[in-house]
Structures are given as structure tokens and as C-alpha cells.
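Chains here go by letter, A, B, C, D and E, matching the order in which they are written, and residues are numbered from 1 within each.
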Amino acid sequence: ADDVTLMLDWFVNPDHGPIIVAQEMGYFAAQDLNVNIIAPADPSDPPKMVAAGKADLAVSYQPQLHLHIHEGLPLLRVGTLIATPLNCLLTLADGPIKTPADLAGKKVGFSVGGVEEAMMGAILRHNGLPVDAVEMVNVNWSLSPSLMSGQVDAVIGAYRNFELNQMQIEGVEGKCFFVEEHGLPAYDELIYVANSDTMDTDMIARFLAATEKATQYIINHPDESWQVFAATSAELRDELNARAWADTIPRFALRPAAMDVGRYATFEAFLHAAQLVPDQTPVSGITIDVTAP
Amino acid sequence: MRARDIALAVLLGLASWQGLVMLTGAPHFILPAPWRVAQAAYHSRAVIAENASVTAIEVLLGLVLGTLLGVVTAIQLALSKTAERLLLPVLVFTQAVPVFALAPLLTLWFGYGMGSKVVMAVLIIYFPVTAAFHDGLTRVDQGLRDLAVTMGAGKYRFMRHVQIPNALPGLGTGLKLAAVYAPIGAVIGEWVGASKGLGYLMLLANGRAKIDLMFASLIVLAVLTVALHITVGHLADRLTRYATGAAELNP
Amino acid sequence: MRARDIALAVLLGLASWQGLVMLTGAPHFILPAPWRVAQAAYHSRAVIAENASVTAIEVLLGLVLGTLLGVVTAIQLALSKTAERLLLPVLVFTQAVPVFALAPLLTLWFGYGMGSKVVMAVLIIYFPVTAAFHDGLTRVDQGLRDLAVTMGAGKYRFMRHVQIPNALPGLGTGLKLAAVYAPIGAVIGEWVGASKGLGYLMLLANGRAKIDLMFASLIVLAVLTVALHITVGHLADRLTRYATGAAELNP
Amino acid sequence: MTAPFGIRVAGQHRINGHLLFDADITLPAGRWTCLLGRSGVGKSTVLRLIPGLETGGRFTGTVTATDGKPLQGRISYMAQSDLLLPWLSALENVLIGARLRGAQADVARARRLLDRVGLLSHADKRPHMLSGGMRQRTALARTLFENRPLVLLDEPFSALDAGTRADMQELAAEVLQGRTVLLVTHDPSEATRLADQIIVMTARQTSIWPVPDTPALRAIDDPRTFDCQTRLLAHLRAAA
Amino acid sequence: MTAPFGIRVAGQHRINGHLLFDADITLPAGRWTCLLGRSGVGKSTVLRLIPGLETGGRFTGTVTATDGKPLQGRISYMAQSDLLLPWLSALENVLIGARLRGAQADVARARRLLDRVGLLSHADKRPHMLSGGMRQRTALARTLFENRPLVLLDEPFSALDAGTRADMQELAAEVLQGRTVLLVTHDPSEATRLADQIIVMTARQTSIWPVPDTPALRAIDDPRTFDCQTRLLAHLRAAA
């Protein structure tokens, strides 16, 4: 069997459903793959490790990929895990922020620190506010706590399937402004990236085929698949993951290997307009279809 | 006696913690009350124990290696004025770079296993041990220096028979600091990338907003550290007593 | 003389950095070469300068407050055996909790402004300063203790006229450590939540995969730290010279 | 100054179970007692027993003042090593007792004492810039500065040349007039010159050596003094 | 041992620009020279100038050996304070020179010397468990253990009682037979007993004081010795 090292973007959570299920149900093994899954604490590490040849595949975020490529990391998107944005502009449901326009003069927390400021700029412009209408605060590890404790008035970078449930369980209702409804082009929240110089397309194709199978199983058998997922670790069997599981299912990419050229061209153009990238990389330099002959 | 003191200290700590919770009214997802944490700890005792043992091994390895490295460096610096002039600023410089920023580098070189955590613990204690020991090595009484000069001491022998014994109390101080920092190093290493250890457990718990489990891991880590500090403190006392010649007095 | 040493040390540091890059073949997005970082630094000099000044202020405030707090604590511990027995374990315990884990709590209380960073710097240097000074306070020559007893010294006056001067070299060691740790504390504070400062800039650069800018900020931070360490080192030397009575010798 | 009082030290001192000495020493009130004996016999130990300092051994016996009051705060002690504080100038070292007690520091008196020990021009120097004898004289000035009824001096003139030594003896005799003094010395001529009572200490016993019946601070060239000194020296050498 | 050689120290020593002394001192080869002078006059400083140790001042002049060879490795130095290493036992302290040079440590000889200074039964004690005089004797044993042609002794017997002192003087005279010795002392009788040459030092000059023409290690009760000592004492007191 071929050994594959896969780095997740963060800790194991329902977003990684297809990967975990494929592993548990033996779909990887059926593709003659032996997958070693590593969960890092900092989501900016995995793409670097792939670029440095220390891992074969990494789960990363589409917006990040555009920036990485401009910084010269030898990376390409090879597949999709979550095919829609999960990102929210999250506020308190019973707070004073009824629309993003109410954020004028307020603080907005963010975490990863890549494109959040640009995203926020687009959302503000969409709501008729200038880019510098809010103060951006990096809150790193604590998106929902900083919001719940009132340190910031909104956070960007929280996921609609996860942080929203987390707040509800803590007894604080949150409200999500979906970014794609506020002036942002739609994008793939979670993607697989590989090293453009050394990748083995055949192996990746087999990997994606296994996750595709797992996705089908999840959609066909939501409860059984939850059991499979939850059985892998004691820490996963809790209320939050159970709720997030249900909310994540409709977001999994049904065709992980499928390539949407327009999506990547549009987002590249968006980043260029926001002056986050100096020029526009052609889509062929961002993503490929590993199943193409 | 000693045990009663510790028990009292623990009670004091718990009381002030509970007081803090009640006083500030901090919500449980930011600062859970002691009782809640105790429940979480009991509930997850197996997981915590497993991860704690991993961290403990990393810490001990890091402490031993870091001390050795620090001792050797301090001796080198004290032996050669040139080394001291050139290397000491470099040393401070490297120490000034938060190890966190170097984490990807370390994982690149040492992988996701125990190696990178031990290296991180070593890096973090290296400086305090080196600095404290070096201070002791260079602060030798002028009279003893004079004596050694007239006796025709070689610099290595002067190091071995005078400077090193003279620096043992300083080394003790350094070791006591190291005992506190080594666990932090290991945990930072685990934060960067791990699938085991208290640091991993803490981040995992934090990422899942299980703040009570996070605090439970934190407490276990702190207990581990205090135990280490007490042990190393005894060792440091012996070093000081040896160097001041009082070794036989309190056996 | 001293300046030449530093220049040499810098060259040495740069050479070993370049050597490391070439030897390990670490890719530029993990360990960029010095030249690349220099370019990034020059290119972003305005941004770096602005953020560096914020961090510098935090560090200086943290250093001053942390030292004061550490000095006061050490004196308290040395004055009262009870305080020492009860508080020392608590102190180690709190220190054993990585400030990182407490950082979210601190930002909750002190906000995302400078306050929480200063507090973080204070917390991180508090222990080394306290420990080193406390060691010095309690390690008074038995002969001097005897003398003070027969003279009928009050314990506060003994503290002021004997223990404190006697502990100044120890305080110097502690301060030199603190000079290195305070910047780390401030940066950690900035990582946890900030909209300014070198730590913030590093995170932002990292998020944008601008590793060269991240390293440029890192270098500036390190330079700041080394400068602080040298300044504090001079102060520490003066303290030691004062306590050993050699103050007038090398003016 | 309060009325002088006497001291009696009686008992056995053991180190690790071995008997170091079995002593019975009485210091008459307001008088000088000189304690002589072989190196290592326990003279400094006796001195340290009086203020109750750590001796590294166990004393079974009593230390009593003739007036029955506790000794605390009534003793001035000069140890065998100078014990100067390295960070203080000579003058500040003389004043340290007052500082440690929080008493009004009589700087003028301290300067006068420094002058008397010949160090006024060195008053601002730190100990490490002084010669061995100068340090010892600073410590002496500090001990004399303390205004106490009981004064314990452990070889206070050992590092001084003959001329300076004689001057210092005279100074001490003058300043400590009317106080109870215990002086440990190795110099029979010093003992003969200063003592109202001489005690010779051996491991087995403490015996009183007769002194000339002239008043203390005797002229060294007085034949009675000289005779006493010579016989004492011979006795000490013989006891070896 | 190599052939003994003499030393000449000639020049002026200044501290912060003030003249401390202007000296011209010759140590004849293989002889004992005793240096006397007021406390603080600069005796220890002269001693430290010979091996080139830091003195806190500036010396303008020369220190030369009669055989013209460098002095390094040919000096044994006993300072005014004992300078024992607190972490070593008395025996180990005696052996420290050999250890520091990496030479074969002659333990049997060290034990013999400890026995001669009366400390064999204390050989395993650390310095802080020894009395002041015992520490000084340990330092003496260490200095004698060093087998060097030039020996500098800074008040080596100052903390000893008369009996022990006489014994130690005899021991030193025996062990240092044929070596060039400079002994700083405050005791005229010691100087008269041991010296082949006595030098009295003042700030302005160094003058030679005549010694009896009997060979050194003189009997103290010899009238010539006694006469010399008495006149020297009177001279020293008068010079004050």
C-alpha cells in the first residue's frame, strides 16, 4: 500500500467527516492507501509542511492558498473537502448589531490573519461603510469566547456549523451574517493542497475517490456515519460535535476532485482588487484536476 | 510539616480561585469554578493520565538535556573571553526569538513526535541555566583567583576545582527556574503539533470550548511542575550546602 | 571595543543563519535567508517601526512593573517564614500555568489594548525576578546574621541594610533574565489579542504567508531584546560592583 | 550607661558528642577578663555562647548574668573575622549598629572613633580598599561605637603592628571603662597589660592566672607586668 | 628544588595618584627577610607586587629576580586571609595546588604536613568547622606543601597562640630551609627569631634593621635576641 501523510487544518472536527469515515470504513485501504492523519494546532503550518515535502496532502483554506502561491510556495489545490464558505461574520443574536452596517466604530475579532481584513472590507463596502469603519483585533484562539464576553462586537472567521452551535450550547445565541451574502464571491472553505513539484496525481486521485465514497455514505446514512465518526475518539462524542455533524453534511463536496475554474479566477480577482496580491495567477497555477489524463 | 504546608497552600490557592470566580463573575467558559474543573478532571481521568505521562517524559528528557547543554555552554563561555564576547550576544539574540515562531522549523527538522517537544523544552531552559551558571562561574572571589595564579593553575583545572564548585549555588537557582520552564517548553511544543500530551489536550479542549477540561489539564500540568520544582529545589539546596561547605551540617 | 564585539557577533549570527539555510536546505517559507529578510524589513520599515514602538513601550512598562512586583514579593517572602511556606508553592504553581493559557482570561479583564500585554510581560518576568532576588535575600553570610542579632537589629532594618544590598547581585541576574523574557511576554500578549505590536505583525505576516516579513519582525524584536539585555547587564554589573564594594574601582 | 553586671558561663560543650571543653568562667562586673588558650580549644565558642550564637555543637550548662536579666540588647560583639559589610564605607560600617536598631546615628561620634583608630582619612573607603589591619580597626571602632555594658572581643588586635596595637589597647581601655569585657587574645603581654583577670583555658579546665596587683592598662616596662607576662608565656608554651 | 634566587623590588607605589610608599627591598637568595611596618603602610602590597597581583594602585619600578628568569611558577603565596576553598576538606585544601597544576598529589606528604600543624585529626573537616587559628594553620600547610623556591607569607601566624605559634615558626623554618622567604609580621619577637634580614617599612623609606649575628631560628631567651627584639619594639612604637 502507498503511504500518505495528510495534515488536517486543525483539530479533528466534523468538517473532517469524509476523511475520518474513509479511514474507518476502509475506503483508503480499498484504494491501496495507508493514510497517516496529523492534526496541527496552527492552521498555517500544514501548507508549509506540504510545500517543504514533510506531508503529502494538507487540508487548507482556499483564500489562504491564493496568498501562499503568491509567496512562492509550490502548492496546488487538488481537491475540495467543503465546497461552500463556512465563514460567518458572527455577532450576538440579542446584541445591538442588527446588520453589518451597525458595526461602524466597533471592534471586530479575527484569527488566522490572512484575508480576514479584506473580507471585512468587502462586507463593509457591501453595507455602505468605508473599509476603516471598524477596528480589527486579532483574537487568535478564542473567537467565540471573545464575542461572548463582549470584548469584541463581532468576529469573522467563525464557522456557521461549529462556533454557532458552540455558542448556543453555552447559552448565548449567536447570529451569522453569511459572507457570500455580503459581497464576497463564493469559495471553497476547505480544500486539499499538494506539492506542485512532487505530487503523485494517481495517488491523490485514489485518495479523493475514497473520500468521495465516504461522502456518499455520510449523506446516505447520516446517523450511522455519525456513529462511525464519534467512535474514533472519546473527545468527539459530545453535544457540540453531534449538532455540528448534522449542520456540516450539506456542505461536504460531493465531487471532491471536481474543478471549478471560475471560482478560483473570481477569488483571485477579488484578492487582487483588495490589493492583497500584486498580480493575478492564472487558474492553472492554483488548481488542477488530478483525474485529467 | 512540609506536607501540611503544601496542603495549606493548595487550600489557599483553591480559595483564591473560587474567590476570583465569584468576585469577577467570570462566565464558566472563561474561568470555570474549581468544582466544575474537578468534575471534568474526574470524568476524563484516564485521558488526562495518559497524556500527562507523555508530557512528563518529555519534560524530564528536556530538563536533563537542557541542563547538560547549558552547563557545557556556560563553561565554554567562562573559559574563553572571545567565546563570551562573541557568543553571549548571539545566545541572548537566539533566546530573544520566541521559540513559538521557530516551531514550524523544529517540526520540520524533528518531526511531530516527542523529539520536537524535547527540543522545545531544551531551548526554553537552555538560557536560564546557562546564564545562572555562567554568572556563578565568573563571580569567583579575587583572592581565590590570585591564589590559583600563583599556584600556576591551568585554566581547565581552575574551572574544575574552583569555578565549577563556586558556581553550584548559581546552577541551583538556574535549575529551579528550569524546573518551572521545562514543562512550559514541552507544552508549547505540543501546541505546535502533537497527538498526545497535556498541551495537546489543552488545545483540543480549548478548540472545543471545553474550558473545564482545559483547566483540568492545566492544573495537572501545574501539579507536575510544582512537584518537579520541589525535587529540584532539594537538589539545589544540596548544591548550595556543598559549595558553602555546610554539606555535613544538615544531612 | 564593545561595539566591535557586537558587530562581530552580528556577523557571526548572520553567517550561521545563512549557513543553516544552505546546510539544511530549509525552504524560504520556513526559514528565509538573511538577505531576503533584510529586503522585507527595508520594504516594510514604516510598518515595522510603528509596531515595534508599541511593543517597546509594553516591554518597558512590563519590565518596570514586574521588577517592582518581584522585588516586593521577594522581600515579603524573605521577611516572613509563614509567607514563604504558604506563598512560595502558590507562586510556583501560578508560574507553572503557562501564561499562554491564562492569556484569554487576561485579555478578558484587561482588554485588547496595551494593558493585557503589560500584564503578560509582568507575569512572565515576575517569577525569575522574585526567585533570583529571594535567593540573594536568604543567602546572607551567617557571620553577618550573628552580628545583626547581637546588635539588636529589627528584621525590617536587617532587610534594608543587610539582606537587600546582599541580594543585589542576585537581582542583577534576575533582571538580565527578565530583560529577555519581558519581550516574549509582550509578544505572547499580542498573539492572543491585539491590533498593534510586533507580535501582531508577526501573526499577520504568518497568516499572509509572508514569512520574510515575519522573520523581519522577529529580528527587530530580537534586536530590541538584545539592546535591553545589554542595558540591563550594565545595571546588573553596577549592582554587583556596589554589593561587593568595588563600585568605585571601574567607574 | 546602665550599671555593669557580671557573667557566668558554666558547663560542657560537645561537638558531635565529643567533649570540647568543660568550663566554668566568671566575668566580674565592670572588669576586663582575658581568655587565653591553644588554638582550637574553644575560646571563640565560649564567646559565642554568651549571646547565644550558633556554635556547631551542643552546650549543656548555663550562661547567666549576675543581675538575672536577659542579655539581649546588652552585648557588643567583635568576631574573629572583621564582618564588615562590603557595600558600606568604613564610616557607614561603624554606624551600622545604630542603623540596624533604627536609632539616631551619632555621626560625629563615629568620626571621632574612626579618628582615634587612625582611619579618619579613610572614612569613605569600602572595606576591600583597606588593608587587613585597617579593616580590623574599623571593626573595632564599630564595636566601641556600640554603647553596651558587656563587650566581647575575639582577638581584636591580631592584625596590628606593635605601635598601633598599643594605641588601640589604650583606646579600648578608655572607651570601655567600667564595662564588663571579655577579650580573647593570644598575646600574653596584651593580657598582662589589660586584664583584671586572666583565664587560661584547656580542654579539661579553665584556670585563673594571677595578675599583678597594679591597676589595669599597666606599663609594659613595669617589672611586675613583665614578670607576669614572661611566666604566663612560659606556662602557655609548656602547656602545649 | 632548583637553586634559590634573590628578589629586588624597587620603585614607587601610588594609589589614585597619592604616593603610598617608595621602597627598595632586596630579598637575599635562600634567606628569610621579615618585613615590618605600620598597619596600612603597604606591606601586603609589596608582597602582591612580586607575583604581579592586582593591588588597586600603580607601581612604577621594577621587580627582578637575581637569576633574571621570570617568576611565574616559582612562588608560593600565603595571603593575609586564609583563602580556603569552603567546599574542600582541610586535606583537600592542602592538596589544591597539585590539583590545580594537574600534578601527582602527594597525599602522604599533605597528611604529614597536616600532622605537623596539629590538624591531622581534623583533616576531613570543611573550613567553616575549623577555628580561626586552625584555618590559618591549614593555609600554612598548603603554602608549605607547595614546593617553591620563593615563599611569600603575609602574617601567617597572626591567629595563633604563643605555643602553637612557636611550633609553626619552627616548622616553617625547617620546611623552608634554603628558600627565599619574605615574611610580613607585626611581631618583633617573631622577626628577631626568624629573620636573616629585617626590613622596617615606612611611607618614605625602607630601612634595614640589624639582626643578631647568631643563625636564624634563634632562642628567644638568648639575651642578644631579646635585646634586639626590645629595641626593635621600641623603635616601631616610636616611629608611630
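Before moving on, here are some points about what is shown:
By our rule, a contact is a pair of C-beta atoms (placed from the backbone, for glycine too) under 8 Å apart; a residue touches a chain by one contact, two chains touch by 3 or more.
Heads up on the chains, UniProt names are B, C = Putative aliphatic sulfonates transport permease protein SsuC; D, E = Aliphatic sulfonates import ATP-binding protein SsuB.
Quick caveat, the model's predicted, so the values are computed rather than measured.
Fewest steps needed to get from chain A to chain E, stepping only to touching chains, is 2.
By the document's definition of touch, chain B and chain E have no common neighbour.
The chain with its Cα centre farthest from the Cα centre of chain D is A. Chain pairs A-C and A-B differ in how many C-beta pairs they share in contact, with the greater number at A-C. Taking the CA centroid of chain E as reference, the farthest chain centroid is that of A. Chain centres here are Cα averages; for chain A and chain D they lie 85 Å apart.
Chain centres here are Cα averages; for chain B and chain D they lie 50 Å apart. Centre-to-centre, using mean CA coordinates, chain B is 16 Å away from chain C.
As a whole-number value, the distance joining the C-alpha centres of chain A and chain B reads 37 Å. Among the residues of chain D, those touching two or more other chains are numbered 56, 81, 129.
Looking at chain A, residues 48, 52, 141-142, 145, 149 sit in touch with two or more other chains. For chain C, residues touching at least two other chains, in rising order: 26, 30, 104, 108, 191. Interfaces, counted as pairs of touching chains, are A-B, A-C, B-C, B-E, C-D, D-E. Interface residues of chain C facing chain B in the complex, by the touch rule stated above, are 5-6, 8-10, 12-13, 16, 24, 26, 30-31, 85-90, 92-98, 100-101, 104-105, 108-109, 127-128, 131-132, 135, 139, 169-170, 173, 176-177, 180, 183-184, 187-188, 191, 202, 214, 218, 221-226, 229-230, 240.
Of all the residues in chain A, the ones that touch chain C in their complex are 44, 47-48, 51-52, 64, 67-68, 70-73, 107, 109, 112-114, 116, 135-142, 145-146, 149, 151-152, 276. On the side of chain E, the complex with chain D involves touching residues 36-40, 42-44, 56, 80-81, 118, 122, 129-134, 137, 154-155, 158-167, 186-188, 233, 236-240. Contact residues of chain E toward chain B in the complex are 48, 51, 53-54, 72-73, 75-77, 79, 81, 83, 85-88, 96-97, 99-102, 126-129, 146. Within the complex formed with chain D, the residues of chain C that make contact are 141-144, 146-154, 157-158, 161-162, 165, 168, 242-248.
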